[in-house]
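One structure follows; several queries about it will come next.
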């Protein structure tokens, strides 16, 4: 495990009891502990038991963060088109933050209203790495990729219906993106994109 | 069949002999006859036999067009990103023309170089209907759809490799487009898009 | 956004609170506001809060419509085979109406009882555009397409079981339709078909 | 094997030598021997070697038929929409004939020109069983099924392009047919449909 | 509709109220009315309202049958391997019976215990048509098909897990059966197989 | 690598030159060298260059085997239904032999003629392990599995057409087999089944 | 059924009543009875009714085991990467044990922490057969296969999200494993792997 | 386009004439021009026409590189398991080099012989970014990912047969990798991985 990286627990398929046991054990040795995919129900059991822990309902993360100082390893921009992609975008943002990155959120950047993307381009270009989260047809990745020179980590989301096939349409769009400088993680894997962004950002500091 | 619409022969899976027989029979009664999906080999057999007929290698169409006057039923814009999509774009363009539409070609309009799209936007907006042809990830449809108010007929193409799955990725992108005002035809079906464009354009004149 | 088009909210994945906030904000500036994919539960929360709003259970739409005058931009026919396709057909119909189209409903037009289609053909041909909604095998589109000269917007529905694969069978049928003049929208996307019908109809008036 | 049924050799993946060996051995003991899926190249080798044998290029069948008397076990109608489905339709027709059925061919019966179907309906209804062969979207099966009371054996064909997926679209259409009285065989399996038709027809005579 | 055939209502996606309305209307004009896909909950509402109606929980059918005399049009054998396939097998059996067929049930005929199939072969061969219902890998169809000369209607079921893909594995097995004389209906479509069996059996009596 | 196991070269995608180089190097140190997936063309180049090497056209293997003594580690039965599966069955047989197993071939054991299976059952039961090779619908595996108590290694083959999907139908059948004691290798992977059979047989001798 | 093998009931899709009836009947004649896929709810009904029976919540098995003596037929190693795969791994372990195998569990052997695998390699190599259970990407199978000479039975699990497609990704990985000596069972089929392991182990003792 | 990045031509689907025209035009203005996916046949036409250009048969690239000085922007490791993955690995390597990266090749690093990976680990860890190329089951990515802290760009290749589905199996494995710090590009897209590696490496220098 990389120095300065938090311990991370994947909450899906674990009971609240299992999570609590792992979480409190890790808290005794680490400054930062993160659990992802924590449902509201489990959080309600866990938060009273684990002191100094914050639950974020949107991203479904549970974070213990007692870092004395915050040394930024870089700045990651998280882009998405709107409310339905927020849980995945926020999973990425919270994870990236726990891994020592500064976060810039661009959450109203959809292909349907492309001028909003242009309005923010200056800001977007100040980031080291970009995480682009998109469901339905995932075209946002290609558009952003054509406009910037940052490496893009693309995250398809499972939102949509019919022929979106739970994220497969967006995944394929991203894998086939005509823009260079795009690599892709699993459907809904905000965590994975953030982790990769953190590894990338570290290169520059070491 | 609509008044003023050409007779159309689908050449795939027919021998040159079969096509010649049908074509010459139709030529005796109609001003315009179109054959699509004609390979270069078949064309070399057919052109010497069928007088007043033009073969277009790119679109793989064979056209007999003896219309005395050209009454335009509307103007269709055909958009694509570059050389690989040309055969499908041209199948659409030639078909639309044979059906009495004016054609405006926008063939360098890719998501990767989005400024070229903006440069042409004024021109694109003068069309009644748009045909957007795109392979790989098909994002062009959503971008154009977000910028214009014309109905868009989206044509996925089978170009690409790997996870493009012979046009399936582009097809899914288009079906899931976040832009409203998009409907889709079969992979590589330039003809179908043009026919639909012609039907749509006729509404206004009748 | 087109002049005279309503604002539309996509209700799926938004809480009743979120929908209410957006809806009431839009009501202050617009004559017509439409929300689609509103479950009965959410509607029960929303209707008492939003005055002058009508919920339609079948189409799952919430409509605020204070247009002073109704100027028809055209007439759209909505066709389907029976009860199971009604929610999608009605999403199309209500949306089209909110967008300034006259609606003619043909809701008992199945391939299994083809004479009913013939009985209504005269009426169907008075429309400018047709929306054909069909699940299971989607053959209705090809049959209607062979009989009329209107552009057809085909909407596959997710009803059926087994090898219908939640609408994929109907989607493929429609994309492969042997009838010309058919373009397709996403599975269950009645809204999208109606929007496209409205764009098409506007051509004629402008 | 049923009394009166021919021996059948499946030619695909067998060399001309292998086919000749099996064929001539069977000819010594049987009045009727049929080989299917015989390419033109193999036929050119085989026909000179096997006396009293007829090759049919369209259906790609090789038939030895020395029946003294022809006792008809029933009448099967074979329906399809046109030239591209002929090889499969003819594989069905030739096989059925070799199995002792009378054949009525209806080869211009497409959904796109539905009046031709109505013109022939009287004749179609004189058959005991129907084999309906269709590619692309396969809608013909549902239309015929809604009009007649014969059992229908549906054969999807692999013709088409793009989202026809080599017959899968037609296969799904047929499996999901809203018409009752339809059962389906493998893509391009004209032989299988004819064999089943022969079994069905025998019931009545025994 | 064929003389002597019952009216059939497809219950899926209809409310108890809708079913009751259709059912009682049909009861006033027909001797036999059948509804399929009726959940236990709906049946509990319906049975008290509809006199002379029988609900069968296993097949999920509701039957009204006041035929004065029972004229058998033939005998259909229904075969399956065990408990999990019973709902589909019984949907077929009850439907076939309502359509005037005699039923012979063979419900312990699995490939895993093939001797039980051999024990019953004599009985199976007395039927006119066979309906073979099978889930998981669907091999039963090929085994039975190799042993008998009756036409087989194969019904894949959606039981199983993992790579059974809700009936797709069984469906493919059946479509590819090496045994001749097999045609296939949709996954879980016991009704469709019975209807086809009834049409087939009628041939012989007419 | 296990003691007594041959070196194996996978020939696909290697040039004749590359194969020759590897093969002759291995021959200097090993008693047995096997190359699989060697086309006839490559073999014609290779055989004259590599002394003491045997090419088998059916299995497409090239074998160098200078073992002084043959110690049998067990007996494997290889079963298939007929000519089309032979290349895969023989790849398995030749590989198994090179790995020190005795081979019993049962190559006419199809579900369509099940009595031939019963005739050989006594012999089949003398084997330690069985390799069952089957294409199309793959039902043979379940039938054999229900009759014997040997572990079965199932090999789907890519033969067939239409809905056999190049071996996927057979693969799914085998993964879903109702018979216990079946495990599966990749489509056409006769080599893999033989290798696994050899590992299994070794257990008993060690 | 093999001598010394338990009777096994597949609990999925059977009611508690059905299971109890079968289970108690088998208990009167057999020393060992196993039921798999028993939910906690059903177990709560069953355990009080069936004396001497043990329910294991993790593996969802119900076991009656009154064997007087335990004769080990071999030793199977069960390997997996962690908590999410435990239910399938334990289904395999409990089944194997009921079938007379010794079990060695290696439950923290993930590709992500490969040193733990190396630490246990000595122990793993003492087994006769290995069952490797893995979800997500299933890479564990190839890694273990490259390090040991035991036959490996690979079990993909349905855990994961997005592009794991309920176990399909792991299934494909395992079928394509570059390591020789791997054969695969259905997704989540711990039972099937254990049964195969028992058959394999018996070879050596007989 | 990034400063110092070469112009790149995608050769697939372009004629030699088209490529030559674009290539020579670019050569007049740029120090480095790269064309990928150039078949040997096209190269034989092109090389004599374009001076100072090198064709590499394995990677199928054509490179013009007249950079005066080579400033390294970082070091990328390219890993694969052997000969069949070389074309994709070399497309990545040549591209990366043209983009100003130092290349370290690790081309015998397969999961089947894991010790070779361990032998090179020290060297691998000296790289800034890793490109891991793998076909068949793609497990290499997870293994490497568990051992190093560099960001990994995973490239699935289309080699393999049967259930490898032309690279889909490897693609899914990589998307589901249990190792963090992995992002994926399209099947066979060595170019895309290299471009992304170059963008990532630039961060550190700017």
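Per-chain numbering from 1; labels A, B, C, D, E, F, G and H assigned in written order.
Assume a contact is a pair of C-beta atoms (placed from the backbone, for glycine too) under 8 Å apart; a residue touches a chain by one contact, two chains touch by 3 or more.
Everything numeric in this text was worked out from a predicted model, so none of it was measured.
Novice: Out of C-E and B-C, which chain pair has the most contact pairs?
Specialist: Higher C-beta contact count between the two pairs: B-C.
Novice: So which pair out of B-C, D-F or G-H basically repeats E-G, with more than half the contacts the same?
Specialist: The pair repeating the interface of E-G is D-F.
Novice: Would you kindly tell me how far, in whole Å, the mean C-alpha position of chain H lies from that of chain B?
Specialist: 36
Novice: Roughly how far is chain C from chain D, centre to centre by C-alpha average, rounded to an integer in Å?
Specialist: 41
Novice: How far is the middle of chain A from the middle of chain H, if each middle is the mean of its Cα atoms, in Å?
Specialist: Using C-alpha averages as centres, the distance is 27 Å.
Novice: Counting only residues that touch at least 2 other chains, which ones in chain D make the list?
Specialist: Residues 162-164, 168, 171, 175-176, 186-187 of chain D touch two or more partner chains.
Novice: Provide the residue numbers of chain F that touch chain D in the complex, in ascending order.
Specialist: 83-84, 159, 161-164
Novice: Mind listing the chain G positions that touch chain E in their complex?
Specialist: Its residues touching chain E are 12-14, 18, 156, 158, 166-168, 171, 186-189.
Novice: What residues on chain F touch chain E, complex-wise?
Specialist: Interface residues on chain F, with respect to chain E: 81, 110-114, 136-139, 141-143, 145-147, 160, 162-165, 168-170, 172-179.
Novice: Which residues of chain H touch chain A once you look at their complex with the stated criterion?
Specialist: Contacts found on chain H: 2, 74, 128-129, 149-151, 153, 171, 175-176, 180-187, 192-193, 195-196, 199-201, 203-204.
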